[in-house]
């Protein structure tokens, strides 16, 4: 079997568990993002794959070989570190050659590969400089070059963009996207920035609380979050969660009653949701808008207005205290403190039970 | 504060202080260029000519001074290399590797900082006698290698190096030793320079141990050799020669000091004062 | 072999060489010393168990009392002035420019000389016949002063010699400490309208407090072990007026061959140095928050 | 690369740098000073001067005449016994060491040095050739523990010009006191007439200076200083009387103060006082000084044994000797040592030019020795010289203790009887603690 396979990987630091029986399959040439809040174990998982940490139990397989028993250098894995970890006393050329020399690659082969990588990454001019003489972006490229040149079977990137300023981050994101086309390897990137994950990854692995919460394409994790955590975590601004109870069902779809009394008819199949169950109703901002004059809706008070130019997010509070976020196209005129009426696109609402389990709307016919 | 102009009174005081620091050295230098006979009659003769190089010629010609100089160089260099090697290895081990009793061992090493030479020198003399180590270069060098300070200093320095570098090197397939030797050690050069210079100075200037461990003149270090020459009973002659020996013996160490002055100050600012 | 075991072995491989030397050349003698001090032992291997008698003898030994007094007096005459002078020098020389650089070089220079040379130089400065000071006094029509043979002058003379010799290291340490103080707190102080004195007292000194502590601790420990200067300048004379504890240890061990007694004195000195160091550390740090 | 260089360097260090040499090696350890600058290459013994010069030249000559022996010379700071103790404790003592005869019993008693009869025999030196004083100095419990090299005593070195000025010359000879009262009277008269001190004394860092005076005048009265090997008796009327006079000299400024040996030595040359009671070893240098035309001492130098002040004529004497620390040595090394001792014995006359009395009776009788300046004046030492009993150990440490107390007494820091009591107590305690 090819690709990366994690089987029941567990790890704890003393009494504190970090990962509990994590299993995952990554296809060859797939780009995976590990997304999660800090402390979710995503970095630890990456480091276990790299061999920088040892799992307490579980197995790591790569291209049909078990690698968790091997030393980091013998796994066929390359990694780009958050702070690049370039060897400060070596030139760029020496930095890139170091791993190959350790692996006993022939001298002219090393020269050839360095030239090639330098060419691709446009750092041929910099080969005899030391890292200290270079800018952050250039160092990033050298770090990537050092990884590419090893022709690894798996590419690990630890928060690759966190050290760059906003402008550079955009450009580097493009470069990372190109990188995957150039390497014949799977890529795994750790990030806490969902935009990065959404943009770059084929699939996103969302981690929290020592476990994988969901594995899916960006569209899946956005549209059909596996649970309340994923729903809250993915999307910016996040999904609003309104406390509610199941009011009943209508044509097999549940109706929910919000805390302040309004009943919404959702498109969520009733299934085992029975009347009276305490749930949360999840609403993406794009499914909440300002009601037209005279249109019925929820009364709310605007607390914060986030104008992004093409669109505006209104952070508002319903009677009873629940927080909700609405999207208004354009620049808008609403100001904080205004009382507004919000219209809700109820068929797009998600329902989450107290255990966090998600119930998604059936797509409209 | 920094860069503020110095008050003229402060400048005067500084110059006066510098004069006090330098006067003995200038006096020594002048004496060393006078013939012994002239000084025997009147040491005040040092302030006027004629000056001569005869004392220096005598050193190069007949005395053991060159041998002592060589011994001091060997002992101080051996101590320096030894301390650097041992402290670097141990510093890396304590800073980066996990092994049972690591913390306990480190604490035991740190306790060594509090042990004065006096507490061990007499039993050490007995021990070395049993081992037949006296009057040998290893016997003179070994006590310098027990300094806890070097290990402490290098451990701190290694700890300050980002761990990512180790990990990058491990992923680059480096062994623990390659990692240490090719990646981390070169980064500790400033610390090595500081530690090296201070070890060299300390070993060069050590007096107590070589006094009791070196048993023949040709193994004396400069400190002991010169002391054996100057403490002689009722010696009223040879002042110029003694001073020439003093100057001659100080030259190598001054060279070392001047060569490394920048590193000493800079690296001390970095790590030593934490 | 598993990776964890390999790592452990690597750990011992790296710290092992030092620990071996450390154990053999420091720990073993340290333990031997304690054992020897409980014996009536001579330099040539004869041993007879006498328990704590050596320590009892030390407590009642008037010569040791005198040496103790001399040593403490020397430390008192050396450590505080040394610290203050070094601090003043470091403050004055902590600036860019050639002038300061040259002066730094001058004040550091004596530190590289060995004790033999320092005492050789100073003996011929202090000696009443033909010494540098005597020459100066004679030129001024005054009688030479016998610094090294007057019981009241000999300790100050050794103290001055030691000050001259030891000044460089503390200046260097304090300069290093000063360079650690971030420049922006001086700028902030300037914005707050703080005068020079206020800056020194409220900002600079607190910032280099630990450096000063280090200087005092190191120097106290060093001066309590003063040996070479006393042995080479005066041999402990006149009449034991400049005999230090360590010089006494040397005399008792290699002059009188009483190894057990000498070792007991050394152990007492050891205890004294540790106690003083801890006391100084405690005095300076007791009000500080524990460091993260 | 660097690693290899380091490893190589270490190997070099451990191996040591000595080239292969299969000649027997003897390590000769001596005090007497370092004078390599003046005599480093000289082999002309007859032309050498001073203890250091003569001995340095002798050893040079021995090396030149015996290329099949490697000689290593340790020059140690006087008196070098702490180092010797350290060397013996280190298990690496030298082969032949200069030692004061008064110290021999310490080392012999502890079994640290070897009897030398076999070596003397190999060197064809007959112990009967030693002067009685020299032989007494090296013989302990019936064995010879050293080859004696000389007998040293203390003399009055006299500046006759100043004595004349003080009216203390008669018939070209200095007038010396015959009683303590006379001593003080002379000293006061000297002070009055010359406004200089009568005595020059090394009172600083020279514990043995006053001890020698004390021993001399105690021995002159046949006082028992050491009733047995473990006790001293100092708190006696005789001792109090002697020390009181010494204190009086100081109190009245009849002697130089605050001088150590180098200072006192130089002071005498510069004519700063009348009489310097110091060892025979200064006879040579001072005589040479008196021969220099522009010296304050020119033509005005005389010596005399210590005058009789109490009891009979006597002088506390000591001597230098060559001892052999106990160690394993090859026959070749022992043969080399014997040859060295034989060589030294041959040059005993040259050594006596330093002022010391020769250790070989034949040299003392020789016309060459008699012809040396002032030797007739000091020949009496050979007759009157006395040493402490052979069982007295730790003489140097004991002298140090007594010296410290005497210094306190003589400078007035302590009452005389307290100082003597303290000295007695400290010495007895030292003996009590000996193993």
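Each chain gets a letter, A, B, C and D, in the order it is written, and its residues are counted from 1.
Note that contacts are C-beta pairs under 8 Å (C-beta built on N, C-alpha and C of every residue); 3 or more make two chains touch, one makes a residue touch a chain.
Keep in mind it's a predicted model, so treat the numbers as computed, not measured.
Put simply, the chain nearest the middle, going by average C-alpha positions, is B. Among the other chains, D has the CA centre that is most remote from the centre of subunit A.
Between the chain pairs A-B and B-C, more C-beta pairs are in contact across B-C.
With each centre defined as the average position of its C-alpha atoms, the distance from subunit A to subunit B rounds to 57 Å. In whole angstrom, the spacing between the mean C-alpha positions of subunit B and subunit C is 16. Between the Cα centres of subunit B and subunit D there is a gap of 38 Å. Subunit A and subunit C have CA centres that are 60 Å apart. Among all residues of subunit D, those that touch two or more other chains are 83, 86, 89, 262, 266. For subunit B, the set of residues touching two or more other chains reads 85, 126, 212, 227, 230-231. Shown for subunit C are the residues in touch with two or more other chains, namely 130, 250, 254. Interface residues of subunit B, counted against subunit D in their complex, comprise 36, 55, 58-59, 61-64, 74, 77-78, 81, 85, 125-126, 128-130, 132, 134-138, 141, 181, 211-213, 215-218, 227-238, 241.
Interface residues of subunit B, counted against subunit A in their complex, comprise 162, 164-165, 167-175, 178, 182-183, 186-187. Those residues of subunit B lying in contact with subunit C across their complex are 1-4, 6, 10, 14, 17-18, 20-25, 27-28, 31, 39, 42-44, 85-87, 89-90, 92-94, 97-100, 102, 105, 109, 112, 114-124, 126-127, 142-143, 145-146, 148, 151, 176, 180, 201, 204-205, 207-208, 212, 222-224, 226-227, 230-231, 239, 242-243, 246, 249-250, 253-254, 256-258, 261, 264-265, 268-269, 272-273. Of all residues in subunit A, only 47, 50-52, 71-74, 77-79, 81-89, 98-99, 102-103, 146, 150 touch subunit B in the complex they form. Within the complex formed with subunit C, the residues of subunit D that make contact are 81-83, 85-86, 88-89, 110, 112, 203-205, 207, 257-260, 262-263, 266-267, 394, 396-397, 400, 404, 407-408, 411, 413, 426, 430, 433, 435.
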